[in-house]
Amino acid sequence: MIAEHLPALPILLYLFVALLMPLANELGRGLPWTLSWLTSLTVAALGGYGLWLTSSGGAIRYAMGGWSPPIGIELVADPLSCFFTFAIGAVSAFVLLHSRESVERDCGAKNAMTFYASSLLLLAGFSGIVGTGDLFNLYVFLEISALAGYAVLGCGSAKAALSSFRYLIIGTIGASFYLIGIGLLLSKTGSLNMVDVAAILQVDGLGPVTTLAVVFIFVGLGIKMALLPLHYWLPDVYTNAPATSTALVAPLGTKVAAYALLRLGYEVLPYEALLADLRIFDVVLYLGAVGIVWGSIMAIAQDNLKRMLAYSSVAQIGYIAVGFGLATPNGYIGAVLHVINHAVMKACLFLVTANLERQGEGTSIKGLNASLRKKMPLTCACFALAAISMIGLPPTAGFFSKWYLLLGSYDQGSWVLVVVILVSSLLNAVYFFRVLERLYLGKDEDAPDAPKRARLPWVMGLSTLVLALSLLLLGFGNVYIVSNFISPMLPGF
Amino acid sequence: MTTDALYQTSMVPLFAVLVSMAAIPAILFSSRMPNLRESWSFLAAGIKFALVLSLVPGALRGESVGITLLEIAPGIGLSLVADPLGVLFALVASGLWIVTTAYALGYMRGHHEKKQTRFFCSFALSLSATLGIAFSDNLITFLVFYELLTLATYPLVVHKESPDALRSGRMYLGYALTAGLLFLAAAVWVNLRVGEVSFVAGGFIPEGAFGDGELKLLFLLFMVGVGVKAGVMPLHSWLPAAMVAPTPVSALLHAVAVVKSGAFGVLRVTGFVFGPEMMKEHGLDVILALFAGATILLASLIALRQDNLKKRLAYSTVGHLSYIVMGAALASPAALTGSLMHLSAHAVMKITLFFCAGAIIVHSHKTEISQLDGLGRRMPWTFAAFGIGALGLAGIPPVYGFLSKWWLSMGSLDSGHSLALGVFLLSGLLNAGYFFPIVIRGFFRPPAPDAHFPKGEATPWMVVPLCITATLALVFGIFPDFPLPFFEIAGRVVESVMGELPQALNAKEIGLAP
Amino acid sequence: MSNFFSDYSAYVLCFLLLTVGLYGMLLKRNYVKKVIGMTIFQAAIILFFIQTAYKADGTVPVKDAALPVDQTDAYINPLPHALMLTAIVVGVATVGVALSLLIRVHGAYGSLDEDDIQKEAAK
Amino acid sequence: MNNYIEFLLYSFLIVTALIAINVRDLLAAAVTTSVFSFVIAVLFIEMGAVDVGFTEAVVGAGVLGVYFIAMILRTTRRTED
Amino acid sequence: MVSVVRDLPSRGDVDAPLHRDESSVGTPAAGTHYIANSYKDAGTDNIVTVVLADYRGFDTFGETVVVFAAGIACLLILRGRRES
Amino acid sequence: MSRLIQVFALYVIFHGHYSPGGGFQGGALLAAAVILLRIGEGRAASQKELSSGATIGLGSLGAWIFGGVGLLALLNGGRFLEYASMPSMGLSAVGLHYWGILVIELGVALAVMTVLVAIFDVLTEDDKSEG
């Protein structure tokens, strides 16, 4: 039963629970919160189960409504999508677990229901993007996640609303570009099913229209994943949004778009033609490389911790783009692995900033001082661990994605990339150690009359800690992950 | 190494690495009880040394023992294997840790340092990392511990938390992380081309896997990677800056563990990645020897001009590390023997000198050499120990340093790089030139009128350790295999790497070894 | 020319409307204008899809007793229509969200012009 | 003949779109947008997409217009461009 | 640009890829399949309704959710503000 | 006027099977009717028609009707939204599809109506506390 419906279950679960939220709110005030993280946890379990099933038994295809593709909509669960489903479920479960107090503070206790409903719709959109095998269905889920995303990022302060509005405009352009691309493809292939379209394009090849479609799809998804020249919406949004929203969107949102790009680029659109004739992978590659350096440099220049992390996200997306653009097995593995690693790292880091805000510390880097280490030792330790992983020191998770990306760069004989990856690690070190120095070594400047604050609630500490520790787990488990889940998914190179 | 016939599975290297890590929680939990806290350090140091000692017989038979924990990258295990070279380094590091712990106890309390718990924790972690480096079986495991060492020593460098210390810390991190990244770049490259990263005595890169230019580039990447920690010029400037750290740190880490792990890395890379033959074939030995020779002379010259005692010692360290590098570069049996012996000899002697410097600083609050006039008469033991160390570093018998220099000199002859001999001799003179005045000032100059010397010696916690290390320097100088068989282990290493023992210069014939 | 008009003019119209919409979204300084640009942009995309569905001499995709359904060329392709119904709804939803964000923005900054708001935010 | 009607609709669409974008009164812009939606709905119906045209008419000309007006009345009609 | 427009099927072209019976790899083309089978499958005259609610019902479910999401989003944005 | 729209809207929903129209259009028309009431007769009068507090709840109910049909099929051994797998109650597969479509259209209409009204409500809501 579960195995048969596996591709649809995570999406449906999120959707139905989200639709239940108004009712749940009537039944009990804490219920939306409890339901939301429990749902995410269940989805993570489903993702894990799916991984176990599909890595040995092959992909599970699910014909919605019993209409076999290309007539109906098809959902697909394969190791890669299950892996993403798992990541979405697991990361969001802890972020949501962490969120109760911040949500009530940022959006008001009365509106917690709407926040959780939006979050679940956001996650439903993410898992839909990951699980669908239909181009238009992907658009629908893209928009579900986008709408819910604008809501969770725009609630709270007016500043958040403003940056969320700017994001809405640019995000809608992205989604619309994607839709135009789909329209062009549809007019040349007559199909929307990914497998079908891939087969047709394989035969028909790239004409002017399909080329234009590819460009539109890449630009559209590029906006969604904040690839370099299209990234400018990101820092404002991440900085101004409520802490929980950022922790939910930052690790997953851009990654899911990257996943869609990965899927489409390698499996739907004609890969050889993209590679050789359009050289679109090279474009992505160099944009990614420039993004790495630019994002890191901008991150160094920031004083607001959240803004710094946002720019660091731009850089990290650059890594994913580089891995994607390398078009080699190692690059692909590196990109996929980095998606997961970075999701966990960023979630952890943004939870740390949420903890800081909760304790009234603010997020200005200049305002941080060593008294925090005594007041919030756990949070500081988690920050340190995640920072080390971001820099990419072994044996934390961040090291290994870099490892594969380096391997891929050598495969391509691209020395520029090797240098970029190495230099960016150093730049990462610069901006993270700047913070670490303040946390651990700065003067102990706690004002004696500072108001005593209640201790951090244990769920907040726990969520942060679990995410931080899973970085080590991801690091040590990377071979297992790669050989069991990512390698079977490698498209033909 | 894991494929050797002489390989056996054993958990001992793993335990040896972990024991000091295991001590960290204990140290943390007893942070309110300094005595208990320090006894944990002692206990860990003792166990660690005993574990390393238990590996010595195997090493003497040329065996390697160890274990692969888990696959850390496809086909690459996190492997800890104790081979003779690793045991040699581990022996030096863990042995001196015991002495240093005692000394640190005296120093930290005498100096009323803050945050001692963090200090001892980082110290223990550094030792774990150092042993991990010693027992790493492949480039990646090496890199893991190499980076861990960087992170673990960072809090020690910035211990004072003064702007000065922070600046030095940043400098140290900048150098060390860059080095790690270049090492990573090199390791990934090798992995891709050769499909193998495990160390093999005599080198594992097959001829022809890289073009000549590529090989030189790869070698440079590796050498910068390990050379930063080994303080090869022009990558040395973090080391004098790092002298802002408390003296026990300078003593153990910046004379033994950290910098030696760099030198050890040079030995590993030259002997176990490239191999002596490939080095000679492609002229890599000349490149390395040029840098090492220049470093030896330049560092000695700079040391001459330093008035700050610890800075002078630091530059002397820079010079002496390049002795080891030079030995590795010359890659003849005798030179390699000398290099390996200098690894332990310099450790014992330089730690003595740092201990002395620390005792002087804590007890008399003097940091400049020009302030030391006449202090020797107040602190005779300290200055006597300093004298022994200084003699050794200048290469004067019967101190241990003479032996290592002797072998290095012989090596420079039998490898045909006789210019290196000139370098060694000249630097010996320079060493004498910058060390002896300190001793002479201490004993024979009258104290300055405004000098306020304290009475008597420093605390026994500091004096006894420095006397022990000074004695060891003497004992090893006379019996290179007693009480620890450094010479014999070095012989095993040379045999495995070069395929032969140093032939004409057999130690036993000329009576330099029992 | 008339041939080109009947064959391709709808594409040209789409392109023009897309340009107008994009111009409104990117270059207009007033936020409501940006949203209006967005609706025009989306309408243009819908027009494109509808245009591809069109068949010469085809009738609306509702079954007609006079036309057997196996004469598939007699009916206009229903697929893009169905897709565009969804797309229209998505468009409305987006505009709704955009407008509520704008009310929030106006409440805090007292203006909907980007220049004013940037001045306000810089304060 | 058909061509002329279409050409008229096309020109009308472009003109309304430009007015909606450029008019200086937001309320007028909103009303023009409704007109634009209505005209494009007519075009859809003309192209055989009856359902889509119907929806666009209800939504674009009706609901969206109401939303725009409600929002503009609550905020401001003023605009610089 | 002109080459792209020229490559697009001309207006009302019944042989456009979208309107074929099968795709170039032999799979049924969805649009044509819908026209031919919708009444047989669902007994409903309006083909668009069948496509919308049946063949591609999941999209429409998504659409309903989008509407719901928009409602929730507006509520959250306008009511959910920091209590200060 | 608004009654007229409501009647027409219901016709649109139920006649969607035979002529253009369906849940979404009907729902939007119903919403338009309610909004017209809100504008014309004032908020209080139209609350009787559809109270602001109930909108989102009813919206989720509408979506649940849709999803519930899908779930019913799923739980009865079919795929999600596979109308033919619903409990047949004496209907043929085609009949099931026919009724399935009708029910989900009703769900869509309910959801669309209530949510569009809800959005209108919050857009015109008085500012309680701004800033």
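Per-chain numbering from 1; labels A, B, C, D, E and F assigned in written order.
In this section, a residue touches a chain if its C-beta (ideal position, glycine included) is under 8 Å from a C-beta of that chain, and two chains touch if they have at least 3 such contacts.
Quantities reported herein were computed from a predicted structural model and do not represent experimental measurements.
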Seminar exercise, completed: Hopping only between chains that touch, the fewest steps from subunit A to subunit D number 2
For this session: Quick one: point me to the chain whose Cα centre is farthest from that of subunit C.
Result: B
Seminar exercise, completed: Nearest to the mean of all protein Cα atoms is the Cα centre of chain A
Exercise. Going by the average position of its CA atoms, which chain sits the greatest distance from subunit F?
Worked result: B
Seminar exercise, completed: Of A-B and D-F, the pair joined by more C-beta contact pairs is A-B
Exercise. How far is the middle of subunit B from the middle of subunit F, if each middle is the mean of its Cα atoms, in Å?
Worked result: 78
Exercise. CA centre of subunit B versus CA centre of subunit C: separation in Å?
Worked result: 71
Exercise. Counting in whole Å, what is the centre-to-centre distance of subunit C and subunit E, each centre being its mean C-alpha position?
Worked result: 15
For this session: Let me have the rounded angstrom distance from the C-alpha centre of subunit A over to the C-alpha centre of subunit C, please.
Result: 29
Exercise. What are the residues of subunit F that contact at least two other chains?
Worked result: 18-22, 24, 56, 59-60, 63, 67, 70, 80-81, 83, 112, 116, 119, 122-123, 131
Problem set entry | Multi-chain contact residues (two or more partners), subunit B | none
Problem set entry | Residues of subunit C whose C-beta touches two or more other chains | 6, 9-10, 51-55, 58, 60-62, 79-81, 83, 85-86, 89-90, 92-94, 96-97, 99-104, 107-108
Seminar exercise, completed: Touching subunit B in the complex, subunit A uses residues 388, 391, 393-395, 400, 402-403, 406-407, 410-411, 418, 422, 425-426, 429, 433, 437, 440-443, 476, 478-480, 482-483
Exercise. Quick one: in the complex, what on subunit C touches subunit F?
Worked result: 60, 62, 85, 89, 92, 96, 99-100, 103, 107-108
For this session: Could you pull out which subunit A residues touch subunit C in their complex?
Result: 136, 139-140, 143, 146-147, 150-151, 154, 157-159, 161-162, 164-165, 168-169, 172-173, 176, 179-180, 183, 186-187, 192
For this session: Note which residues of subunit E are touching subunit F in the complex, please.
Result: 40-46, 48-50, 52-54, 57-58, 60-61, 63-65, 67-68, 70-72, 74-75, 78-79, 84
For this session: Can you check the complex and tell me which residues of subunit E touch subunit A?
Result: 3-4, 6-9, 16-20, 23-25, 27-31, 33-34, 54-59, 61-63, 65-66, 68-70, 72-77, 79-83
